[in-house]
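Right after this note come the structures.
Below, chain A partners chain B and then partners chain C, in two separate complexes.
Here is the complex of A and B:
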């Protein structure tokens, strides 16, 4: 059952699939193995690039501004690493970082067009979409279904939050209230806000309804019209111009449903950003998989990398285990995109942290060994604070080519690259940078891997 | 009271309290449940939740965090725990590898042991048949009729007849599984045709018996273990090197048994055997039957027990074999890897649920425009064939083994 490939990517989230697609598009024979879904599938489905500087309370107005600040203050941040190429003159580093990140964002945007999760947004300005809590967050790309149109530009806009009876994940009244309070605090012009509850019963019951049932129900033809009819009454009552739905508008037909509702009600309809695991996150994950397979990559689901063989400075093969089989995969280069604590790339216990496949030394956010850190000392008692949880910044340290390095500062293997959440030196929860770092590091690590493979050939 | 007496005493207490200690080989499964982080990702992927809603089937997460932790009152889970089709999708998407499909069987086993009165009647009927005949389906009353049915199938499919062989020390034991043994006889015959074509030194069991998966799935752990140990004896006595089967469920279960009970004899699906032992070169030369219709547009269904319980790579083999067949065009259905609803013994007591699950596949299949569906599992074949027929579809269904056997050229 052995396989041979040019590049094996271990991990199939944002970092792994972007890297795999780049390599497949470059004509390489790529295998992505994945043991399970993880942070990308959990995500809200919006792609953050950089929202905040750690400790700051004001969001960046654009990823570009954020990257400039970040790369000056945090020279080892994964975003900063993409500018450390020997060929780049020091004064050009900042521009290169911004350019390469911009390229990644444009690439992603272009590739997601025509999938289940087409996105909109610009690299030159952050968007502030509303979440199901009624708060807003800075992000770079939102799925087109989340586009609230001219909500903030219009003085007379009336925003209606729509809840669904029996669907406990979203409370439209609480969200409306939080949204209003948030706007008052932030000094934005007050807006008229209303809320309502609709009856949508995928299985004929008005209780115990899950996101997936609603999304799948709305994928069926004829399901959106009765919702529009119910909505019209509420829209008339409050004069709503904009309608906020929880993120359940469909898996395959979400965009179609948004447009249909808009057409039938004469309003702007959009999805709020939801909690993990959200339906838009599922759409994004599925879309990335589709893009990779379309580029000619081989996606091997349900396989976990459990061991490896190496030959001197080179990694030669990994063994992938499925529930009842093992496959040896030989390759010229490897890319580790196994994520952090959720994905399982890094695991920890009371004695310290370790990287789970190759046992490469993990480091803390300050680049000290994390092998024997006490996790309880790297966590903050406040669950949500501007400092975040320091343990989130632990991970692997990489060289300028995104190759993980050992304690001596040398690459662990000449042909092993790393990308995504397994990297140290950034804290996605605080910075709002998770999928952006994953995509950008995946994009650039893959380019380095391609270069290496072509050199060898 | 010495240590052993104390142990026996405690064991008796457990029995009174209706607690069954786990087997050692179940501990990994139980421990995996502790890794559940309660994220709920699995709910969004569960085909049963998608087909009947969270209120009817509370979903894989609830199995991990609630139902499997209901000891000793496992009986309280009966309205949910029997609705899992065991497709393994939850385990495949789970970031923590929580082994939900297997914990379901452990919970069912507990109910079976302590509250057999609550086990769905449909399952108890299957148990009766297994107890009586050591196979999951009632055998033919008249052996002559069975042969007649077999010959009719061979004639309809234009397959030659390869006589049964039973001998010791053959290289391969061909194990057809209950469905192909009693019902879909064409699959059993087709596999023999293929093995014979490639001069594989194979044997059948002297007396066929069930692999124990149905008993395992309904929670009848004792029967399952009895059948497994009987089967081991039969296989060991034959002195074969490998077991090859055409059934997806048997593939995963025999692999499990071989490992758990130290058979020292690996089990494979016929597809794996063809790719690994025969190789694509020989296959490509063989699959050139000039008599068979030239153009056929097919779609493929991936059996859960192959892709999610064994390895996704097996279905890659299937697609690669189809690709080298002249005149065969494959269109992928978007639900190619979605459970057909036929698993987990659900159809025996809640056919409405099983048939709700398969709807997804039917709709996606119609969209492919394929005229035929092939799948390497006789159970999936039956479930899909019945439901396609009921829905008035013109798509025909073939077990992939039959499809391959039909396309073999004349032997040189």
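Here is the complex of A and C:
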């Protein structure tokens, strides 16, 4: 079976779906193919733009401040790349980077409104939501279910961490203790923190309860009331004004559940940032898919790109394989958003790294060839530190239009673009920049692809 | 400083030290065991757990006989911790077979008492039927059987049994000094309590130095010389049981290396490199990993496709023989009574030895201790079962009664034998403790809580050694924070300590993962970084994290 498209996007996480939506909204015929679950679905569901400068210990107060600092120091960072446009005067580059990122964030925020994952947050200030460990992290956008309201503004706020018996992903007492110590040290509100454990049994068994079971359970009518009843007793005991839940408030009805619980208990209820399997990550993923399909895009799930044809400087087609069929898709332009190691865009063995579909040369964070690096030598002896693991900065090097480049520094194909975690030159885990880079590079790579397609037409 | 009095202080909580403490306590001597880290946290924790027939040491028939006898004892006192692996030595050309056949006779001499069949040659078809992944050109293979024991559990149960017999077991207590009187007799042992930060001392008549590769260092702290030959050995660990049976093959340098299914994983080892480094800093090198993989590849070509999850590295405390390769150094042990070599009176040190003979070593040294104390009592350690080995366990019935998977229960049985019922009993009152915390192994919450309450762990790493938490394919990616929460609850830890426990556990896992980063471990590590650094923001945490010896000097 053969199909034709204007743009084929390979990879359906944040980068691929933002790119696909932008192109579909521009009137193009877009196909996004996705092999399996995206890394976006494993994310906390909050959208980081930039939290830290590499190796720095103070978080940026806003993405804006972060981008100015970052793009000055790291001119090849994916964020910096969006400022390289022949039409832009050198002194305007930084402003353009900030403006284009701001545009992406605004676009994303507006598009997520009315989906399963509406977000809140401003480009002018990072927020510091609480995680399931009781720590906080800087991020730009949180899902509205994660909004803790006036928790940190009120002097008299009392935060209650709610655990669920038999649900091991969240320990309310350890999180409460950790968060309280952090507040005491920083002298900020709340100064009173408590924890409790509720009984919620989606399948009538009191153990091995998973996030997805809880979220699906809470999507059903009548599931919130018994929780509110149990909560009231604990709220009264400690005088809680705010309630922190693990991120399990529902897939379809999370926001409704938050509001209902707030109404029934007279408190502010919010979700913490959590680890995979992540319900907010899945809500975000589903929402991005909905937005893309609504814009007229075609989404092929369970299809893995396995080969391609090219004609001179142009990529002509890719072949996608699913368990039952192979499809050849001809297109005018292609966008590679297959992610890094989790996504499968980059793989590696003891002899070096490979880009898995086109065999384009990957580079290290310092833009040397990563074809023959020994992965263990591109690591730090420290497991978790601001240095991060340099191997996580490997990926593809791109030209100013987000086209992957070869060893000679030329674009691999005139009509192949790349976005998201497959890009080299940034370590999202330490920068706290993952979904922000994905969205922004997807947004801008798509603009370039659209331009190319329209030029050809 | 508090001072109390003991008959014997044992230094070192490895296989030998815990065996000595158990023996001394069972003979009624007032016993204290001091371990600077945790039980089985060093040498023995990096071995394959083979309680060997002594096949490799057939040039030393006495040792082979001792090994066989000890296997019989282990099967009597600790059979719940024991697994038997059939082993194939595949031959690709005749010269492999013809070089030496005396080993067949030496091995077969002891098969009766070890309850295994005699060594035999298998045809290529029979070999491939047992292990289809073997090289198709195999011309024959040698078949034999060896027993394996869970080295962590063995040490822990010896320590617990010593405690049950009145010994004191003190982990995280590092010996820093000895008080010696004018007659060159040791009177007191001074040690630093790493948990409380206090320096303590105890009076004692005898000190047994069972510190393996650190024996020389301990002797030096009292001014005695103790030559030793340190030899580094590394393993590569795969994510599951990738072979049906053990495979052994000659490496590029003619040494035998092996691939053993071990618990839920497979071990490929070992290397042998003389070392003068601080054992705490050692990690496997790229060369060691390739040496092992390339050698095993000759008979098992698909080994390259298997998923490596980590490496582990230990140091053999060999008897100081010079001018011979590691493989020719005696695997027997020596007991050095320092009073007889011009050193301090009351100090006895071990050199050499193997896991299989740790009980024998303990018996021999405890006989000497008894003489010194003037209180000779016969040894019973070979007759008295270790805790949990009292009876068979009906896993199927327990699975029905408690509604827990057979797999989880069988893994628990392999650690606890009859004692597992104590863990399960907790789930009557706390059904939520049936929750699986480590899904790779698997480990349920009740066992973590029981281990914390009864088995004196201080850190997540100590829990790992007790119940194999975080030792599977994900290397603790998904259980580190869950188990840390339980530890924090049980020990009433501060928030800082909760985070430090997470960081310490990640650090120790990373120590072994890092060297073998390739293939799927790249994605696994991206996930771990995404969780603990990106979401948890722990890379920016300002808790008091102590750099580990292998992390320093970057």
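Criterion: the second predicted complex is superposed on the first by the 451 of 457 C-alpha atoms of A that agree within 3 Å, B and C clash if a C-alpha of one lies under 4 Å from a C-alpha of the other, contacts with A are read in each partner's own complex, and residues count from 1 in each chain.
Criterion: a contact is a pair of C-beta atoms (placed from the backbone, for glycine too) under 8 Å apart; a residue touches a chain by one contact, two chains touch by 3 or more.
Model, not experiment: these values are computed from the prediction.
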Checklist line | First (chain B), second (chain C), both or neither touched by A:38 | finding: first
Note to self: On the A-aligned overlay, A:186 touches which partner chain: chain B = first, chain C = second, or both, or neither?
What the structure shows: neither
Next item on the list: Figure out whether A:208 sits in contact with chain B (first) or chain C (second), or with both, or with neither.
Entry: both
Notebook entry, point to check: Given the touch rule stated above, what does A:89 touch, chain B (first), chain C (second), both, or neither?
Noted result: neither
Margin query: According to the stated criteria, A:276 is in contact with first (chain B), second (chain C), both, or neither; which is it?
Written below: both
Next item on the list: Pick one for A:135: touches chain B only (first), chain C only (second), both, or neither.
Entry: second
Notebook entry, point to check: For A:383, is the partner it touches chain B (first), chain C (second), both, or none of the two (neither)?
Noted result: second
Next item on the list: Give one of first, second, both or neither to describe whether A:342 is in contact with chain B, with chain C, with both, or with none.
Entry: both
Next item on the list: Spot which of chain B and chain C makes contact with more residues of chain A, would you?
Entry: C
Item checked: Contacts on chain A seen with chain B and repeated with chain C across the two complexes -> 42, 207-209, 276, 342, 344
Next item on the list: In the complex, go through chain A and note every residue touching chain C.
Entry: 39, 42-44, 48, 52, 57, 59, 131-138, 165-171, 173-175, 177-182, 206-209, 273-276, 340-342, 344, 346-350, 374-376, 379-386, 388-389, 391-392, 428-430, 432, 434
Margin query: For the complex, give me every residue of chain C touching chain A.
Written below: 286, 289-290, 431-437, 445, 478, 481-482, 484-486, 488-489, 493-496, 498-499, 502-503, 506-507, 509-510, 514-519, 522-523, 525-541, 550-551, 554
Next item on the list: Would you pull the chain A residues touching chain B in the complex into a rising list?
Entry: 1, 3, 35-38, 41-42, 202-203, 205, 207-213, 216, 276-277, 279, 282, 298, 300-304, 322-325, 327, 339, 342-344
Notebook entry, point to check: Which bits of chain B are touching chain A when the two form their complex?
Noted result: 37, 39-41, 43-44, 49-50, 52-56, 59, 88, 91-97, 252, 255-256, 272, 276, 307-314, 316
